[in-house]
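Note that chain A is present in both complexes that follow, paired respectively with chain B and with chain C.
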Partner chain A sequence: MMEKPLLEIQNLHVEFKSGKEVVRPIRGIDLKVNRRETVGIVGESGCGKSVTSLTVMGLLPEKTGRIADGSILFDGTELTALPEKAYRKIRGNDISMIFQEPMTSLNPVFTIGEQLSEPLRQHRKMGKKEIRETIISTLKQVGLPRAEQIIDEYPHQLSGGMRQRVMISLALLCQPKLMIADEPTTALDVTIQAQILELLKAIRGSNDMSLMLITHDLGVVAEMCDRVIVMYAGEIVEEAGVEAIFDRPLHPYTQGLMQSLPSNNERKGKLFSIKGQVPKPSEIGKGCAFANRCPHAFDRCFAEAPPVFSEAGHQSKCWLLDPVSKEGSRDESSIPIRS
Partner chain B sequence: MTIEIPEQPGSSRPAVTPGKQSKLAFLWSSLLHSWTGMTGFIIILLLLFLSLFGQWIAPFDPMHAEFSKKLLPPMTDGHLLGTDQLGRDILSRMIAGARISVIIGVMTVLIAGTFGTVVGIVSGYFRGWLDVVLMRIVDVQLSFPFILLVLVINAIIGTGLKNIILSLAIGGWVIFARVVRSEVLALREKEFITASVATGVPRIQILFKHILPNLFTPIIILSSLQIATYIIAEASVSFLGFGVQPPNPAWGNMLSEGKDYIFSSWWLITFPGVAIMITALGVNFFGDWLRDTLDPELKGE
Partner chain C sequence: MNPQFLLEVNHLKKYYEIPQGMFKEKIVVRAVDDISFSIKKGETFALVGESGCGKSTTGRTILRLTEPTDGEVRFDGEDIRSLSYEKMRLLRSRMQMVFQDPYASLNPKKTIREILMEPLRVHNKYEKKERMDKIRKILEIVGLSDHHLDRYPHEFSGGQRQRIGIARAVVLQPDFIIADEPVSALDVSVQSQVINLMLELQKEFGLTYLFISHDLSVIRHMTDRMAVMYLGKIIEVGNTDDVFENPKHPYTQALISAIPANHPRESKDRIVLEGDVPSPANPPSGCAFHPRCPAAMEICSRRVPEETDFGSGHTAKCHLYQMNEKREEKDEHAVIHS
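Showing the complex of A and B:
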């Protein structure tokens, strides 16, 4: 048997109260992150990627958001019922997070050193000198030049890429077991993006940690991840190893995502796009959430939510994979494969 | 080979990059480039100087009445700005009045600012029913004209220097509460707050470490602008017979006493009026400059 996964989420449901309505951005997801593994979570805006990461961090808005059901097991600890005080010992220490916007993720009135000392003072008993040395060595680890000077500079003196490196070092300081990166490269320009990804990859290898990479960029996923989870409208619609996903995407939504990628070496007249939008959580009926946009949808898709079909570790929630419906109305293209 | 540039305040760095040591230097150089800011700064320095050392500078005792010398025009008998209806030296009374204006402006801002800031932080950071209650109180109070409110409070708690400061503060804290609350609301949604929570910092510590320092600039700017408002309000209230009572020299009641002589002896009312105007103008100039200088930094660029 394999060793137990570092993070195991089971049947997670999250609810947001907005006025009198209750919105369910996460509707029953199961996922696990193994030790030393990079898991990518992909999906359009509004599919619940970020809410998933905030839930793991225990950062749901206190008054409006709550975990309605399910469990989050991290390294043997159940997180869903954890009191705030115990959660604080995990945040920044065992699990840390990198945010999307490096320009606003640092407090403008403090020097880099003052901000980076925060997690160390919170979680480690260290003297001033020791803190400073740790920060400088971490800044060097993330590839910042002249770390000894940057530690005394203010955020506005650094470029976007440098700030994101600082944010990564902030997440690294306590050597977490799991790092969640929520679109870490979206706000950066392309050349910097590649550098930051390389850095994350290198760090994951050297620090013996797991990485949960949230992104909408399939290129990033192909480059970085061991396993990929595709989310749509608060559900996981497909999960597979990175090669399996790119070679043979099973879910029509994943296929759509792949086709939407602009190709490097051909000049198409028109880019492919999946018609329609992610349905609002209130608009989801009893059938498959993707049915209204799916090119292959048939009667059953609108009537019944598909279960998870699994073959050799490749899981997908789509009726097309059901051997029964395969023989039915849509036999001509049973499992559509991207050509 | 080293190509590292030594950290020198104000050297080598492009554009505006104030470090801790160079912040004052940066403010100073910006002040030198703004004539309005500089004018305001000089007026404020002058006011402070007069209110601190006025009693040794004033040529006469501001309270000493000499009926044989009443209503002397300016530049006679050593009375540079003339005398009033009781023969008191107007320049000396104005210098003494400067002290009262400064005390009132500064004390009111301290009291109203502190109280309003606390209310604003509690409201904005903790939200909930307390926020609703506090902000409705603010709404109700804002619906009254400021001067009217100050007059009513003053009429209830009585006149005199302490009470006028208290009345102005009771009338004025709402502005601070509103501004601070809105700043806090904007700040608490900032990503660096989330990032800090994500490193395991307790929320109450975040309030003191991350929210408060970021409020500093807007509070300073607002305070400097409010001082002028309070000085004018005090003059108005004193003019109407509330506030500072005669024979104590405040610019407002000098106006009030002098208005009967406006056609025969113009200097009684003109000089205190000009003093009020210059003070308000100077403080506003300074406040505007402060806002223009500190605000862009607050926004990042």
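Showing the complex of A and C:
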């Protein structure tokens, strides 16, 4: 029997009020994170990948944001209707998060030790000495040198890479079941990025933990993830195992993303590029959200939003995969489909 | 002066002083420390390095947006350090800059028409009537159109803003453009559009680029030659192909191996460097890279390495390649002593 997934999101819709308008950054997504699995969420800015993670953490802005529809099931608990008090028991304990900006997500007026003891005081019954020992051992686990001294230092005394390590140890302290990393390496230099990725790999191996990795960097996805979810304009357009998605991307958007990488193009040649730009939430019509930029778009794409077509665990939202409409498409040959 | 070089930089230095109080010695930050390179007409030259290595300062110093501490910058044969303020202003119509952050580099209170008109007005180029035509033409080239003219920057997306930033740089028809991380703030699909635009413009106007970036895959794609910087010094220069295929300096090797893989099945032998970039206010002795270098030797902490030439303009500064020469020297000495 299949093990139940750790996190299961079904038909999630999120709304933001902005002035008189209502913006819908997430329009009906379904996703699963299994135990001990690394899932990558890829997409461009504004596609809703960060809002997804904030929704799971229960961190949507209270006054303007709300979950309009759908359910989030975490380890058997329904999160959408959870009162704040109960949420606090989960947040930072069972689910923890690493943010993009290591520079701004640590409080500058508290020492590292003071900040790291907060989740332990909140969720664990531990004495002062025990807390300190746990923190030092976690700091050592993330590869920080001089852990005994760093615990009494302030964030400004540390470099960017070290701060990101402190953030990771903060997320690790309570040994969460799910760790959400929102662009953990974007603000870092290439050599430091390599260090942090190695660290995340090592941690995932030694702890019994699932990792949800949000990024726009396909290279990071290729190295880290088991399964990949591609988001575009608030929807999931493709989902597959990491090798399948790199070998045979099905959705034209994913194909475009892969082809536009400089390393997949001839040097000095013209780079492949997806025409146009991501639509504003107000511009999305009733058809497929990607239709106006899609090289293969035909009439049906503008008239009707495509459902999810699934084939051996590889899911994609595109009319081209529909056996019926495929006959009507002119560019059938450009999408290779395994027979 | 070699006529094929458009820009020559010799022993350029830019130091910043941080006062520590009245009787204490000032801390000197060597942001750019004695670098030399030259850029041929029509080529794209890349400066690569991590944050804080001085690559942006180099770009700004060449344009004299900050005054250099010492050294020489020759543009088309003219030493720009000796130019008066007025002459430098005139010269800037031939050298322009594209900035990193398309959100911060356009004045939010000006329309696109005003933003593009300003450089033409300042440099008094073309007749007034002609200017509008020129602007329309440039907008078309960068992929925008007439009806964008009276809009404000906030109405555009990041990619479009970067196009406007590029249009502003190109409208004067300069010879030389310094592009400081022009695509790092953009999404992947937009990034490729902007790179294409820059390559097209180069073909059309015969531009020379100084391309400052930390993104190695972009550099590999679009540049002819590259220089790798570490802590204010250039440690390796060469044709982009040569450097990527056969990196000499251990730092360059680590940088190139740190590029994430293209495919999940691609396995990489990664050199993971330990530690962080040290502060340029207090750089390590000898070769500044030695505390992080996997191949560090005893001599590295004592002496600054000299340049070694590997042919076809590929040079690197590392003791590893000087060992042979040194040993020969030593042998000679030994002979004399005996």
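Note that in this section the second predicted complex is superposed on the first by the 326 of 339 C-alpha atoms of A that agree within 3 Å, B and C clash if a C-alpha of one lies under 4 Å from a C-alpha of the other, contacts with A are read in each partner's own complex, and residues count from 1 in each chain.
By definition in this document, a residue touches a chain if its C-beta (ideal position, glycine included) is under 8 Å from a C-beta of that chain, and two chains touch if they have at least 3 such contacts.
Worth saying up front: this structure is predicted, and the values here are computed from it rather than measured.
J.: Applying the touch criterion given at the start, work out whether A:S260 contacts chain B, chain C, both or neither, answering first, second, both or neither.
T.: Only chain C is touched by A:S260; chain B is not.
J.: Is A:A222 contacted by the first partner chain B, the second partner chain C, both or neither?
T.: In the superposed model, A:A222 contacts chain C only, not chain B.
J.: I'd like to know which partner A:F110 touches here: chain B for first, chain C for second, both or neither.
T.: first
J.: Considering only the touch criterion stated at the top, classify A:K20 as touching first (chain B), second (chain C), both, or neither.
T.: neither
J.: Check the residue A:K128 against both partner chains and state whether it touches chain B (first), chain C (second), both, or neither.
T.: Touch status of A:K128: no partner.
J.: Touching A:E243, do we find chain B (first), chain C (second), both, or neither?
T.: second
J.: Name the contact category of A:D189: first (chain B only), second (chain C only), both, or neither.
T.: second
J.: For A:K286, decide between first (touching chain B), second (touching chain C), both and neither.
T.: Touch status of A:K286: no partner.
J.: For chain A, which residues lie in the overlap of the chain B contacts and the chain C contacts?
T.: No residue sits in both footprints.
J.: In the complex of these two chains, what residues of chain A are touching chain C?
T.: Listed in rising order, the residues are 44-45, 159-162, 189-195, 197-198, 216-220, 222-223, 225, 242-243, 246, 256-257, 260-265, 267-268, 270-274, 277-278.
J.: Give every residue of chain A touching chain B within the complex, in rising order.
T.: Those residues of chain A that touch chain B are 57, 59, 63, 88-93, 96-97, 99-101, 103-111, 115, 118-119, 122-123, 146, 149, 152-154, 156-157, 167, 170-171.
J.: What residues on chain B touch chain A, complex-wise?
T.: Residue positions touching the partner: 4, 7, 13, 17, 19-20, 127-128, 190-192, 194-202, 209-210, 213-214, 216, 297-298, 300-301.
J.: Contact residues on chain C for chain A in the complex?
T.: 50-51, 157-160, 187-193, 195-196, 199, 214, 216-218, 220-222, 241, 254-255, 257-266, 270, 272-274, 276-277
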